[in-house]
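There are structures below to look over.
The following pair of complexes shares a single chain, subunit A, combined with subunit B in the former and subunit C in the latter.
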Partner chain A sequence: MLRSVYNWLDKRLYLTKLFQSTAGHHVPANSGSWFYVFGSATLLCFILQIVTGTLLALVYVPSTNEAWKSLQYLNHVQYLGWYLRALHNWGSNFMVALMTLHMVQVFLFGAYKYPRELTWVSGVFLLVATLAMAFTGQVMRFDEDAYWGLGIGASITGRVPFIGDRLVHLLLGGPIIAGETLSRFFALHVFVIPAIIIGIVGMHLRLVLTKGINEYPVPGKPVRRDTYDGEYEKIIEKQGVPFVPDAIGKDLIFAALVLVLILAFSAIFGPAGPSGPPDPTRVDTVPRPDFYFLSVFAALALLPDWMETIVLFVMPVLMVGFLFILPFISGTGEKSARKRPVAVLSVITIFLVLGTLTYMGDTAPWSPKMNAWSGQSVPVDLLQHRTPLEMRGALVLQNKQCRNCHSLEGHGGQRGPALDDVATRLTRDQLIRQVIQGGGNMPAYGKNLSPAEVDALVAYMLTLHPPSHPPARDSAQPQISGNPNAKERGVGEAVRKSMTGKSQ
Partner chain B sequence: MKAAAAALPLIALLGFNSGCGKPTGQAKQPEAVMDFHQLFSENCSACHGVSGQKGAGPRLNDPLYLALVTKQDLYNVIEKGRPGTPMPAFAQSSGGPLAEKQIQAIVDGIEKDWAKPVNLQGAALPVYSIAKAPQGDAKRGQAQYMRNCMMCHGFGSFKGMAGPITDPNYLALASDQYLRTTAIVGRIDWGMPDWRHRIPGHVMNDQDISDVVAWLASQRPKGYMMAENQSTNNSSSNRSGPGSEREPKQ
Partner chain C sequence: MTEQTADEVKNPTRRNVLFKVGVAVNAVAGVLVAIPIVGYIFSAFAHPKLVGSEAWIPLGDANTYVTGQTRLATYRNPFTRPWDGATAEIPCWVRRIDERKFQVFAINCTHLGCPVRWFQESKLFMCPCHGGVYYEDGSKAAGPPPRGLFEYSTKVENGKLYVKGGILPTLSEPLTS
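And then the complex of A and B:
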């Protein structure tokens, strides 16, 4: 009776065939090794992230005013809400770590070589997408760490030649980090990137099925394009076992272990943040990104300015690009790590560099220079012949920690442009606007500056130009100078904007 | 066995990161620093100048000023800051970065390194604290201003070579105590003479100084200052720390 029901269903749904071609497909017996468990564990993490993420989305409110509060609610009010957050957080940490292990294993085992190039390429896409998830996820916390992560991310983006500004605009939903920014990242984190990941995972898995799992590499048996397919078929014929139930055992054990570890880590270490609420003027806090990005930020902090652009744009493009073309430039040859010293060495080097940078990022304060505001004096010749008001402006500049991002005579943070000759670039109105509305990676100070402070600050900045080079004139900005009330209008409008746009 | 071996590096990898799991949001404070020069150069030199002078803020490396103030005066300002001005509160109890003993080290260092006996040339040292000084009279103050200050700071459309101190936005950011301090000791480092040397043969007295400060304070935009107009000591610290939000009372 049951049998006939099954047969009826099978005739229509091809269940047996489906099983045979997927879970039941034959894999080389020696690939049922402990080294082969990381891929499935990564997938497990991803599924866990979908489940916990969906649950989080039930409470989370993606608005600047509510996001931080709803996380506080989860942490302190909602029963086990903190645990849910912890699971999502640790699930993400584990996913990144396992994915990395998986990738290293695939690389060292030569599994990316012919004929599995596309499996590797789709994997690289997954790497990028997963890191994008991790980044957008840390923005969801919308605390000070997120704010700074975003700020720095935006400043990196802003340096893309030619289209930098537009990219920043696209990314942030405007010139500054505000409500639109969070909505955008929410959409990315919850809809767009997961959909992409699910799609690519499907392709990744299908390629794993159709092209087979890499056999355990044997030193001295190089891959050749013309013979490999035949050899692999022979291996499967001779010692192939069905993935389910024979080869899956270790995956299941490892998956259980990962699950237990995630549960335990979540219970022991709890969720991440949210740290202080995002307040652009509190530069004296030490926000830091999640650990997988620490290395990038450490590199940023340590590099001399002129190298930043190279390291930020050229290196990632080169690295990801290299990953993409790897199977095409070394698609054949030895698979075993024992015969590939260069491969092993490069893995070790990369991890040492990343590890060192992460360690530095974790221990050293990174840019912006957190104590420039109180430690870098205003150069004497930039104070000479200033009026008392302008002097106070210099003090406001220090007090409001502008120096943490802006240098004077080479001293101070390098996040923003040096201000030594800012008066040659910006007019009074533009200076007011920049201070109040921010822009690029500069926080909007808005209501955090009193009108007197703005006035003093701008008065001082207007004195910052070389004697030979006159300050910028309003006439370059006819639309502003045409209005006698431009200053008042500018400030009022900017304050209004920053108040409606920014979190309280 | 093998499973444990595979899991160990994983645990190690994540273990070092475990600190991230806990919300801290607190800057790490290097409280260990007790050296005066390091403390001063990291916390004060930005505004008060590299060695306590030629900064945009008041000159602290000034024997005359140090003859005027007590250690307690210094301590109070550093502890609580001057709300409404760019002088931030440094005590941890006021949300600042420094421990009490560090503030004390700064005060001791300032006195030890920079205080010297001063020759008052027969003039009496005026009172420092605005709380203990005689009540000022703004009307008389204007006359004193015209007499003692106008040449350099101007009046009306005459700007003066040192720039106006009657600018409302300037006054909104400077406390009465600072005005009094500067009226007494001047800014020798920037070329402003002290209370004895403004007009040949004339020494401003306590009352003159109070009057000038009262007149300047009356030029300040309405509603701008400031709890500690009366005293440097009662600055009810409404600030949460350097750079934190501070709304002018409108």
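And then the complex of A and C:
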């Protein structure tokens, strides 16, 4: 019965022929490897994203006035809404991760070499499109991070020479982040970029069929343009097996594993945000991008000023451009990673750099801790045995937001050096100069502190040194009465007073 | 087939002509369709300054700002649409220097647009993203910002403070420089 139905359909749709030329096409038997499962898993994630994204769109309202509320509704009211949001979020994380693994595998296995250059190039387009989905998706979660993320996007765009202002208007759909901005990003995230991805994936898969899947590379068997096609044909003839069912087994098992992991991560960690509402008048916010962009965020804090615009506009063009031309400058030769040490080292270096930058972007030691001055009091043991003047100095230190950038006993900002042992580094005169004139990366406080406050502050900071470690001395000035090295905290006040008298 | 085509070049058939005319007509129609589409997408280039970006926006009674102090003020952006929600409210820092002089700073750090925060005690603006710091008068104090805070034009009329604040300031649109 079933067979006759199939035959009836086959007569009209040529299903058997379709199968033989697609899923059933012959691949080298050794490509049925655990290393070859990442591409299909990425595609699976994409399909999952389409399904969950469509389901979210059933409820989500792409309006600046309603988006955040509809996310809250999804999280708290809509049955399983939180879980669908979690699936979409974790699906995107897995998609980026698996796409990266796929790309690294293709690179290390030399699969981008002749005759599969176009497969690689279309893959680079997919990489860019997927990152564009990640950024626009972050805007869909229309919370305060999304709002300020758009501000950052606009600021970066505004650095484009000559037409920067117009490009900002184009990006935001107006001169300011408002209603049209979200509609614009919604259209990109839901219609434009997915359509582009579907189109390029079609081409990517078509190329896998026309040019065949890469055979498992053998060290010492380089690719040559004039002989490769014949060699590949022989491999398929000798040890070719139909992709379905002979080579797809591992893909299937890995696919199921990925699905289960996404389901589990979503159930355990839940959806991302939304954080506070997208209300720009709430300025006590600390905007952070999603983790894909933390490395860029970190680079922008650590680079010297003059390099920033170059890194923002030239580096991406160079990096993506390099990926595009890679198969054309290294289209032949060894495929096996065992014979390509530079390739292996490049991958390791790139991931070390990205990993370090991402970690730094997450911890952001360069950001002032905006609440340290009001939230983290001066540790008690740094206040004991101090004179009233020094205590007053500790108060100045706290009230003037010094702690936002300087830590005491590990609490406070890390923008500037920790102050626990500042007296061992700077003399009294140097401390006064640093406070009043600033320098390095510190603002000048000359106008914002009275002489009495500076006096107290410096007096306090001079007590900040470990008991075993004497304070710094000015080598140009002769040592003054007594031995400052022997000074005890508090007890040495008289000595210090005399120093104060002399240097003022 | 090739013979036929070669033949047709010399003696174009009706089908052949129809095909060529069809392609030509569609090329023209395609351009006609593209004009409104491209114009719609790139309207920012055709009409860069929307009406209202030059408008004076009231920031309330000038006397609500204390001389010698800086505080947050908000206003409704001049292009606001009914579906803008909270994003229509734009924050800015107002500094009153004396009776007549005001400085109104955009909230956005000149480095990457994050919202700077005012600290009255140390008289500094600090940015939470990459640690940009500005002095009370908006000039750069420390960190990665390439310049001081963006400043809106201000005027006081009939005891009320007004600003020109319709545009998100960026390095290529720095308001008053």
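Convention: the second predicted complex is superposed on the first by the 350 of 504 C-alpha atoms of A that agree within 3 Å, B and C clash if a C-alpha of one lies under 4 Å from a C-alpha of the other, contacts with A are read in each partner's own complex, and residues count from 1 in each chain.
Methods note: contacts are C-beta pairs under 8 Å (C-beta built on N, C-alpha and C of every residue); 3 or more make two chains touch, one makes a residue touch a chain.
Keep in mind that this is a model prediction, so the values were computed, not measured.
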Touched partner set for A:N399, first subunit B, second subunit C, both or neither: both
Partner chain in contact with A:T16 - subunit B first, subunit C second, else both or neither: neither
Contacts of A:A154 with subunit B and subunit C, given as first, second, both or neither: second
Contacts of A:Q72 with subunit B and subunit C, given as first, second, both or neither: neither
Touched partner set for A:A444, first subunit B, second subunit C, both or neither: second
Subunit B versus subunit C as contact partner of A:L170, first or second or both or neither: second
First, second, both or neither for A:L101, with subunit B first and subunit C second: first
First (subunit B), second (subunit C), both or neither touched by A:S330: neither
Which of subunit B and subunit C A:A86 touches, first, second, both or neither: first
Residues of subunit A contacting subunit B in one complex and subunit C in the other: 279, 281, 283-286, 370, 373, 399-401, 447-448
Residue numbers on subunit C that touch subunit A, as the complex places them: 41-42, 44-45, 48-50, 53, 72, 74, 77, 79-91, 107-109, 111-117, 119, 121-124, 126-131, 133, 135-136, 141-144, 146, 166-168, 170-173
Touching residues (chain side subunit A, partner subunit C) in the complex: 63-66, 68, 147-148, 151-152, 154-161, 163-170, 172, 174-181, 277-281, 283-287, 297, 300-301, 303, 305, 308, 366-368, 370, 373, 399-402, 404-405, 415, 438, 441-445, 447-448
Subunit B residues touching subunit A - in the complex, by the definition given at the top: 2-3, 6-7, 10-11, 13-14, 17-25, 27-28, 41-50, 54-57, 85-88, 97, 153, 159, 162-165, 167-170, 172-174, 190, 221, 224, 241-248
Of all residues in subunit A, those that touch subunit B in their complex: 34, 37, 86, 89-90, 93-94, 97-98, 101, 143-144, 253-254, 257, 261, 265, 268-276, 279, 281-286, 290-291, 362, 370-378, 380, 383, 386-392, 394-396, 398-401, 403, 447-448, 450-453, 455-456, 459
